[in-house]
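Structures follow.
Look for chain A in each of the two complexes below; its partner is chain B in the first and chain C in the second.
Up next is the complex of A and B:
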């Protein structure tokens, strides 16, 4: 009992609030990556192994555009567009021939893509991390820290992009096509929706979102060829915990897991804090394999 | 009559390949000697994952965990007991791999298809993080290095490993594993696994406890992956966290797809193809050449146009 009391007396409340903020910021980036992943999964049952590499390539395109034009916002938009088109092309080249085959072959194909892209980035840009400068360097006082405004901007921008996706899926004509295909692809085809092109477009949108999160996240750490790996693993955990193919669930799970990791890293090193998300995954698999944030299946 | 002839051709082919592999270290230069031994070890890893990919229809991206735990188990035995003891290393490695694969199997077989692939991947990363951060025990990033044990049964007869005896030892283990796995895949148990691959709901409807079969399949697969890990540790005298990283699992999957899933020997052929191509590309274009770019393209082209792999044409024949 005494130790529990001591724990609460020594509870680092300021650090706790800072970590809450950090957790929400990384959670929003993670949500942006995971919502692209889950969109692609929901519509065509494809787990995109190359998603982390699209995130990483987006950051690199951002670096290049930034060095040519000097504008962060232009870098963000161009990187999303270029990687979006690239993702669509990748889908046409590698995944379209596999439609109708065992879904496991699509994992293998995207895994092959991720190998190619990661090694291409290493070959082209070298192992040294590149830097993206923050578009806005102001900061505010948070207890004993200077907390950069940019981090909050990331959270806001991610929320805006996800909100835009949601609105597009809800109200846009093509968004409705995507939802129809997700629900029943045979019926959608019968209604005259060009299902293969809807697949391509959804893949492009997912890729563009990954690229956007890459550029947004770039200023926090350096851009290097392995950055996709950590994030895609986290995004996989999020997608499983949130319920595969469930957009809202993925976002909730992303923030939930990031907050837990942020709190855990108050007491243990960040490398070990990752284990918390693994534990969440194991518990989810054990008690609710359909996902934490989905309604109980009847 | 047909079956008899098939058996004759099969065993003749098997003996010829074995004879070539036995003679190989005597005629090959040192570099290629070691290269061949490594192909056999990676082939064993790929063969173990073929039980899941080719026979049960589950793609595992977590074999690096089993391989790595086999390595670290062997390392533990070799570091704690002096003088290093081969039998203990094998026992420790296999127990470690079996424990980990039981854990992974229990959780990951709750999910199917893609979910299984992802959860095995994440589980292997759990072990990677644990091994990478637990520096006091595992040596962290640097890994562990140790002395190589002597070949033989301690107390009765031992002889230090030379490059040749190492190769023969690995060859014996790999060939033995192949025969055991082939036998298992022909047994009623193996038939149930194949029926899970073909039609899981129907297998369940007939009354087979599919989950239990899958758990045993993952454990069996993990055990042989661990065996490969022990062999690698003994050959190279170190254990490193890099081998627990999921890239190794990815390599095992690539070996399978290149060589032909569901054939058991295909993965070894795949490993040989992959490693030879890597070596060849490295020699042609220099060490810095990103060999995984052309190999990745080859991999994707194989998936689209030749999903059965190099030995796919012989799949039925090899499994008869």
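Up next is the complex of A and C:
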């Protein structure tokens, strides 16, 4: 009883607020990566193990465009477009021939692509991390911290991109094609929807979103060939916890898990805080394997 | 009404179709024709391969042997989405409306094709909402929330959005109440009057004989009998032999 009282008396309210902000910022980045991953899984049952490498390559393309043009915004747009087209080409070359085969083959194919892309990046760019300068360096007072505005911009931009995806899926002609194919690919085909191309387009969109998050996140960590690994692991957790293929669920789960990790690192080291995500993952798989943020199945 | 249309060049010709599911041989050489604007019934007991015949024509199941011709052109190797755009529409047995898409979005999957003008889209919508007023009332409701009969209407309406030359209609009245069954009958007649051909798989013998001009009767994966519908009676020995229990 006394210790509980002590806990509340010593509760670091300022740190708590800062960590809430941090959790939301990482949560939005994670949501941006995970929504591409869940879009791809939902429509073609492919778990894209190369998603982290698309994120990493996006950041590298961002570095290159930035060094040529000096414009962060151009880097963001061009990286998304180039990696989007690259992702679509990758789908045509490696996944389209596997349609209708054992899902295991798609895991091997995307895992193989991930190794190739990672080592290509190491060979091409070397082991030293590159830097993307943030487009806006201002900051504001938050208790005892100078909190960079750019972090809030990341959250806002991620939310804008995800909102754009949502509007496209909801109202766009091709968005309806994607949703119809996700629900019933055989019937979609019988309605004249070119399902193989819908797969390719969805993969390209997922890749472009991964690239956008790579460029957005680059200024915070530095760009190197393994930067995709941590993120894609977390994105997988988010996709499972949010309900495989469920876009809204993934976004909610990304923010939920990032907040939990941020709060946990008030009391333990950030490296240990990662354990929280795995605990959530295991509990979800044990008690609600269809995902936390999906309506209860009828 | 138009007499059996066999003299004219057939719209759909199926020649010696053999289809397998894994190792089981389902269709043992099915051959049939459907003329332009003709309603043709395909009857037989459960499991004789009626639905598989429709799926094979639509390209949803690959036939291992035999061919399908549309207006004399072989289309056997075409993917389903190309066949849909060439004028073959498919209404499956279990309806398969897109459950999370609204009624309107379900219909849009059919008319969002290249070359369909906004005015034409509106005409198509007006037409199906006139046939099925309930779909107009529920246009913003998710397909999965409709009743069985309404889902069947939506499945047919969605197929009509393709402006097809032929609709492959699989057991449209299964599990529907009598009032709905007569409504389905009316819509078949209406489509026939518009010149849309229908290949109708149906267990309801009176309905099939009334709505169609010709019937084929299947047994064990092949066509055993064909006749003009007007030549068959409900208690015909042929019907008893192949459909009676």
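Keep this in mind: the second predicted complex is superposed on the first by the 298 of 298 C-alpha atoms of A that agree within 3 Å, B and C clash if a C-alpha of one lies under 4 Å from a C-alpha of the other, contacts with A are read in each partner's own complex, and residues count from 1 in each chain.
Everything that follows uses one rule, which is that a contact is a pair of C-beta atoms (placed from the backbone, for glycine too) under 8 Å apart; a residue touches a chain by one contact, two chains touch by 3 or more.
From a predicted model like this one, the values you see are computed outputs, not experimental measurements.
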Report summary line: So, after the overlay on chain A, do chain B and chain C clash or fit? They fit
Report task. Could you tell me the angle at the CA centre of chain A between the CA centres of chain B and chain C, given to the nearest 10 degrees? Result -> 90
Requested in this report: Mind working out whether A:269 is in touch with chain B, chain C, both or neither, as first, second, both or neither?
Outcome: first
Query raised in the report: After lining up the shared chain so the two structures overlap, which partner does A:176 touch, if you call chain B first and chain C second: first, second, both or neither?
Result: second
Requested in this report: Counting touched residues of chain A, say whether chain B or chain C comes out ahead.
Outcome: B
Requested in this report: May I ask you to decide whether A:14 touches chain B, chain C, both, or neither, giving the answer as first, second, both or neither?
Outcome: neither
Query raised in the report: For A:190, is the partner it touches chain B (first), chain C (second), both, or none of the two (neither)?
Result: second
Report task. Check the superposed model and tell me the shortest C-alpha distance between chain B and chain C, rounded to whole Å. Result -> 13
Query raised in the report: Which chain A residues contact chain B in one complex and chain C in the other?
Result: none
Report summary line: Per the touch rule above, chain A residues touching chain B in the complex are 41, 45, 47, 94, 97-98, 101, 103-105, 107-109, 111-113, 115-116, 118-120, 122-123, 233, 236-237, 239-240, 244, 269, 271-272, 274-275, 278, 281-282, 285-286, 289
Query raised in the report: Where on chain C does chain A make contact in their complex?
Result: 58, 60, 79-81, 84-85, 89-90, 92, 96, 98-101, 105, 108-110, 112-113, 158, 162
Requested in this report: Please name which positions on chain B make contact with chain A in the complex.
Outcome: 57, 59, 107-108, 110-111, 113-115, 117-119, 121-122, 125-126, 129-130, 132-133, 250, 253-254, 257, 290, 292-293, 295-297, 299-300, 303-304, 307
Query raised in the report: Of all residues in chain A, which touch chain C in the complex?
Result: 173, 176-177, 179-180, 183-184, 186-196
